[in-house]
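Heads up, the next two complexes both have chain A, just with different partners, chain B and then chain C.
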Partner chain A sequence: MKSFTQRRTFSICVTVLTAIIVLAVYTIGSGTLRQHGFLSGWILLALIVFLALYNVRKALPFLPLGSSASWLQFHIYCGFLTFLMFAIHVRFAVPNGVFECSLALIYLSVFLSGIIGLYMSRTYPRRLTDLGNEVIFEHIPVVRRQLQDQIESLLLKCNSEAATSALAEFYKDRIRPFIVGQHDVVSHLILGSSWRYRSLVRAIADQNRYLNDDERQVLTEVESLVSRKHQVDTQYALQGALKMWLFFHIPATYALLIFAVFHSVLVHAWSGGVS
Partner chain B sequence: MSDLQISRPERWGVPFAADMHDDEVERLMSISLFSQIDQSKFSGKIPLSGILKNDSRLLKCSHGEIIVRKGDWGNSAFFLLSGSVRVEIEPGREGMPPEVLGRAPVKRKSFFEALKQLWSRPRHTEVRNLSTYTSGSNAGIKGKGSDTRVFLQDFSRVVERYKTTKMDAVEFFGEQSALGRIERTATVFADGECELLEIRWQGIRDLMSRVEWLRDRVDDRFRAYGLRAFLRTSPYFEHLEADDDATPEVKQRLEVLSTKVMKKAEFKSYGSYDKVDRFTKLVEAGNATDLAHESMIAQEGDYPYGVMLVRSGIVRVSHQYNNGHKTVSYLTPGQAFGVDEITAGWRDGKPVHLQYSARAVGYATVIVIPTAVFEEAVLEELLAGGVSKLSDPSLFSLQHEAATTATGEIDPGLLEFLVERRLVNGTATMLIDLDRCTRCDDCVRACAAAHDNSPRFLRHGPIHDKYMVANACMHCADPVCMIQCPTGAIHRNIQGGEVVINDATCVGCTACANNCPYDAIRMVQIRDPNGNPVYPTHTSQPGKMDTDELLPIIPTMKEWEPIIKATKCDLCADQNTGPACQNACPHDALVRLNLGDYKTATDWLKT
Partner chain C sequence: MKPGNSSGETFDAGHYQLPQQDWTCGHHCEGTPCAIGPNGSGACLVAQICTPMLSGSGWQCTRPKAFGGKCKEGPLPDPDNPDQAATCPHQPVVCQPQRTLRSKRRLITGITAAVALGFCLVILGGGSRDGTGSIANTSPIISPGELSAHHGTLEQGCAACHSAASASPLDLMSCVFGGSGGLEDSRKCLKCHHEFGEHALHPHSVSPDWVQDKQDALATTSKGHSGQQMLARLLDTHATTETGELACSSCHVEHRGAAFNLKELTNRQCQTCHSSSFHSFADGHPEFTEPKRAFLHFDHSTHLMTHFNNGKDAKGVKGAAMSCSDCHAQDATGTSMVLASFETTCAQCHAAQITDDHMPLTLRMKGTEFFRLAAEDITTQTPFMELMLLAGRDITKGSQQASIQSLTDSLITQRETFVAERLGLAPDVSLDDSLAAVAARRLNESGFFIALKHAHTALTTDAAAPEAAAAQPGGAWSLSTDGRGLIYRSRGHADPLLRDWLNLAADGLNTYPRPPATDSSGAFDRLFHQLAAPEAAGHCMKCHTVDTLPDGQTRINWNSRQIVSAADGFTKFAHGPHVTLLSSPEQAQAMGSPDNRCETCHAVRERDTTLRKPEFLLEDWMPNPDFNHPSSAGLTSVTRQSCVNCHTASQAGDSCLQCHNYHIHPSQLGER
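Entry: the complex of A and B
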């Protein structure tokens, strides 16, 4: 069985080799092919259409069209090749004109979102596994609610037994704002943590000095639930990012296709008979 | 002391049938079959009458009723008390087709049928085409719930068309499958009205230990049919089948050896047969790592009594490691234990003690070929014949040593996890590499797309390190879900061997879902195309008032309950793509793996 490393090495070699051939053809042909923009443009459009077809393949899992994993491999490496074709097509320069600039920007946003998506899909799963206690994305709001209920029931029980209201006030001021909802998504994605959580942990440590033994024990239990909530927040951020990037990448691809088709119509309409 | 506390189980805590009364037991005791049995051989705790009362039930079958089907799994045998039955004698390719037996043949979709799923998918989940429940089957259904029976609709045509033989009272059948925990090898159906006594395997086991003629008959049948067929498939004994062009002397010698092997072979069973859910409780309680609950088959350090061929179940191979036991490998049906040591001892001329222990993971049956017989029939015969197989390291070297080396390539903890949770039972276990899985749920969507919008698994399940075993049917080598299905709706697909459910004959009794220890079967309410639950036809009769005026029909509570059906992964047996889940995973994170095949499993786990 071919390992993933072997497969990656093979695919990179093939992609680099193809890129070298394309560059060589471009370098040699640029002197003779006066209108190479048409050729590179059509190749680029064909590649983009092929890349967009991956989403169609995903919608037809019951047809024998090859495995999704094979399609993704082609998608990734052809995606890299489109960047070279794009660079050749724009003659390694910034395009002029509003429409061309918009088209180039849309292409770059699709390309970059693809790169970011690739990076996330190769690194975030491992972070999720390392976190442990994984919850299905759609269940996260339920788990959050359960954690909040557990904390509140712990505090209610304690409050009825203790004379002071220290814990209740602490919950109202510091714990509840953290427990409710999702915070610091970017911080979770980049650092795997959030400043709110760190601040709350410090505050819990400080709060201990004002509590009696029973309250301190309850706060220790609450702290572990807060830690679990923080873990769930990280999971939410990571899983959410893994799902949401496609909500940019795919619509941008459709916009790119529309712009590219319009661009090719315009180019041919104003080509002055050059084929 | 363990935190897990259960009530002390009793031998007859749960009788086989609740309606087996004393008068029926008395009647049975007066039948010559049982009256001739010497009752003094039964202990006071387990008397013959107790076995009849608690381990058996009476079945009255009508003409054409199917008693057992080829391919079903059962844990009981049948004594024919009156009337006669017919047994299909050549249930091979020309045998009865699945639809005659109340099963739906799995037909692969054509390209256009597959494409049609794109727009013909129902909007709601679990929608059924209700017309398929009333047409197209050559088998009929009688009764309700766990008492449902399937019968042949065109008995005379079936008897005319397929080779069958008649069996009259008093005869018994089904014991090989029940005791060996293997599938039924033939279909048996009632020829006219007949009465049968169905005895569960515990009862047969107790009867066999006390009734000599029964033990001899079962043993003779096993040696004549089961054992010969089993040994023929073993790489160690296949040379005992003489080629057609062999000389008469060779044929005779091999026949003598073959007979000796058959005669001396011993059939042994280990472990708990029917407490399949016990291990889940042990795992939950954190006690699964203690191997004391597993039956010892052969102990490390002992001298090998013989080669042990696994016939059914899973066998853990382990060795003492500090204060515990380290699992180094596991054996599935067809594999052998003890060959290494016996071969080494035979080569060196001095016995070699067992390097590893073998334990039954749950329940296992093994066939023991005594050391002397193995040496004569296998080692010496292969040496005399100059057969190169003797130098085949996969058969005769220290195979478990090789396994240990292989284990070094996968996490030993993962191996323990797979064995203690009996996941190695799966022939198509859904394993997800969480380091690669982006949680995109493409697998779930693809499953839903291939199953009319109703996904057949949950992307959730036990996790060890980076591997998750999802709650999807594993298509077990030992499918306990198939035991107790009253209509045979859950069965193995003849073409691919997948465990599938015939929706048309599933009566929603929940036996399969309750038996599955992996929570892979779900009971669902079926819906009509508008998304409404489907209810059974009201069969209650209207009551009458004193004035003979009819009262309105009041359905029973059962008739108010929507119809439920068992559903599970069918490995996309009707699709052209293979399992849609695996095919749809963009990151090669999900695989359907035959964990019974140690090498395949190792290959994937080390990629």
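Entry: the complex of A and C
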């Protein structure tokens, strides 16, 4: 069994070698009468179709089409090759025409979203593991509600025994807005934390001086649950990002396929007999 | 079992929301989803949780355990109809189910694809705003790039060059698969570029047979293909139709911007198609063939090495050295080295030879006898007389003398009108009327009719005035020694009568040479032989050559070869830059020929003392009509090596297109 590093090294070498061969063929082919735009275009379209089939493969897990992990590896490295083919196809220049520019922009957006997705899928799971206490994405609203219920039950219990309403008012003004809903997604993604959470932690520390011992004990437990809510928020942001980038990547891929097929029809019809 | 995580949050595994489900409970986002969830169509099911069931003991609650199990109160029977209907007292709040992420993604994907497809269909079938055609024809929505400057002025939109632009969306697919070889667009090119003739779309715009002949001729010189060439040929099928036609866009790639040179081709592109490939001009290019015979018969070696040898002229006078520039000079375009006029170059030595004035009177050539007075029979008639008589069908058995007498009278009285009429009546030969008229006029201008009248008068009256004719204006006519023949002697170079009667005779020949015959074509043939013979007046054919063209017509080359447009032929060469280069002594020294720079490429051959050069004269000393006969006119042929000295990839360039044109105009094929 090859190690992870060996597999990656092998894949990268194969990709680089393929790119060198493609460039060599392009260099030589550009000196012939064959207009390489048709060849590079068809190769590019075939690669894009192959990349799109990965989504189909995921939808058909029962078919013996190879492991999803293998498909993902091909998806990644072929994706990089498409960029080279795209650059060759557009002759390293900005295309003309609204349609051609749109097609190029769609390709580039799909490619870039793929790069971003690759980055996220390689880094966010590690961050999620580091966070610990992983929660399934779809279950996060339930967990969030459970945390809210736990905090409120603690406060209700404390409020019935305490002589002051300071803790209740603090919950209403500061804790509840944080507990309810999701905040600061971008901050969670980039920094792994939320400025609201940090502000709330400081406010909790400040609030302690106004509380009696029992209330302080309850607030300590609440602070622990708030910390847990913050963790869940981070998990929600990271897992959400891992799912949400596909909301762009996949629809744009289908638009790219449709545009590419239409582009093929147009260029062959307009080829003047050289296609 | 209550699955959960280490932090203590729990959830019922039976309530787990599967990612592939399309709908989720509307309360899910609040963290309180119901246990049953919506159905596959996105409808909330909580209203159907409890359906009271009538049993023997009355109405029974059927609420599932997930929703609290059977309630204590039980269903409430309908007061109006207690045995038929009952309602649950615990109606839960109905939610608005929400799409799951997967379902939302699928929906967005579908909408995006529909928008993209719609956009494409609008481009394909939509009309332009001004109603002049489809968007695809007039709009910049689809544009592969700017046109070249030459085509940038086309105003008819894409349809000017592309059949697909005016095709319906359904017909577009036939364009995709190239209905008739996909050459419709190329035929649109030919609406403007009609200079390439009927084989415009064949390789090199020439007949495939011509190309095949060339390929066969060059096949033996192939050196094989380099690795790059083999790969390039593998990549390129240079697809042609069944008829071997090639699309214009195979070589001329448009939409690369205004500054793009449509004619630009690489050597590898040229060699992609050629079955006989070579690596470069210096390595493997076929050697140059011997040039074809020149229009003028001129032997450089004899002139340079004998007549003008060692700085002496033909008479041995020093200081009259002959150089190339004495006779040749660049034309206005710098393409050709044109020959100076006869008066400038040849007249000093050869003018007297044309009129025989340099010879003693007794040794002069006898000239050309045009007319014989009182010819006894047909064998003593001249070709001129034969033509006149045949045209009028005047010859009948037993009346030859009368016919000749009648002819003589007609010539004297009706003069050029009679000649033109008779030439126009010549049977079996379609003469150029203007040539006939001119030829007849030349007779008059030369004083032929006056000379004939004088000679006839002298003969019939026995007057001793045989030289009277020569005293007439023009002075070129004289009587033969027997006093019966009317002889013409040239009045100098480019004698109008000889030139135009030779043209007339050549025009009367369908093919040349032709065996003598009794019909009128044979008469023209004999006339041509008489005028073109070495001893004929003017000795025209000593220098001027005669060609039989591919269409069988005979042409006399009265001028030196002038290359009208080098751009039309397969091979082009511009003397200008080379002459300029060689005019620098340093460059000439570097080229290895400082003294005579033209000889860098055109070295003089060893002197050839043969009088009859077969490329110019047949064994009977008549002109050789085969212009394909190679001849370098006393110079060595230009060799490829002399060009390779400079023309390499790093120096003066070795592109195929530097010397060759791809498109060969039809007029250049078979022509000289």
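Here, the second predicted complex is superposed on the first by the 273 of 275 C-alpha atoms of A that agree within 3 Å, B and C clash if a C-alpha of one lies under 4 Å from a C-alpha of the other, contacts with A are read in each partner's own complex, and residues count from 1 in each chain.
Just so it is clear, a residue touches a chain if its C-beta (ideal position, glycine included) is under 8 Å from a C-beta of that chain, and two chains touch if they have at least 3 such contacts.
As the structure is a prediction and not an experimental result, all values here were calculated from the model.
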Exercise. When the two structures are laid over each other on chain A, do chain B and chain C clash or fit?
Worked result: fit
Exercise. After lining up the shared chain so the two structures overlap, which partner does A:P125 touch, if you call chain B first and chain C second: first, second, both or neither?
Worked result: first
Exercise. Does the superposition put A:L266 against chain B (first), chain C (second), both, or neither?
Worked result: second
Seminar exercise, completed: Larger residue footprint on chain A, choosing between chain B and chain C, goes to C
For this session: Name the contact category of A:P61: first (chain B only), second (chain C only), both, or neither.
Result: first
Exercise. Does chain B (first) or chain C (second) touch A:K243, or do both, or does neither?
Worked result: both
For this session: For A:E134, select first, second, both or neither according to whether it touches chain B, chain C, the two together, or no partner.
Result: both
Exercise. Roughly what angle, nearest 10 degrees, sits at the C-alpha centre of chain A between those of chain B and chain C?
Worked result: 120
Exercise. If you take every C-alpha pair with one atom in chain B and one in chain C, what is the shortest distance in Å after superposing?
Worked result: 7
Problem set entry | Interface residues of chain A shared between complexes with chain B and chain C | 134, 136, 243
Problem set entry | chain A residues within the chain C interface of the complex | 25, 28-29, 31-36, 39, 95-100, 102, 132-136, 138-139, 141-148, 228, 231, 243, 246-247, 250-252, 254-255, 258-259, 262, 265-275
Problem set entry | Residues on chain B engaged by chain A in the complex (per definition of touch) | 109, 111, 114-115, 117-118, 434-440, 442, 445-446, 449-450, 459-460, 463, 465-466, 575-577, 580, 582-589, 603-604, 607
For this session: Using the touch definition up top, name the residues of chain C that touch chain A in the complex.
Result: 5-7, 9-11, 16-17, 19, 24, 28-33, 100-101, 104-105, 108-109, 111-113, 115-117, 119-120, 123-124, 136, 140-146, 158, 161-162, 164-165, 167, 172-173, 175-178, 181-186, 228, 231-233, 235-239, 247-251, 253, 255, 266, 268-269, 272-273
Seminar exercise, completed: In the complex, chain A touches chain B at residues 1-4, 58-64, 67-69, 71-72, 120-121, 124-126, 128-129, 134, 136-137, 239, 242-243
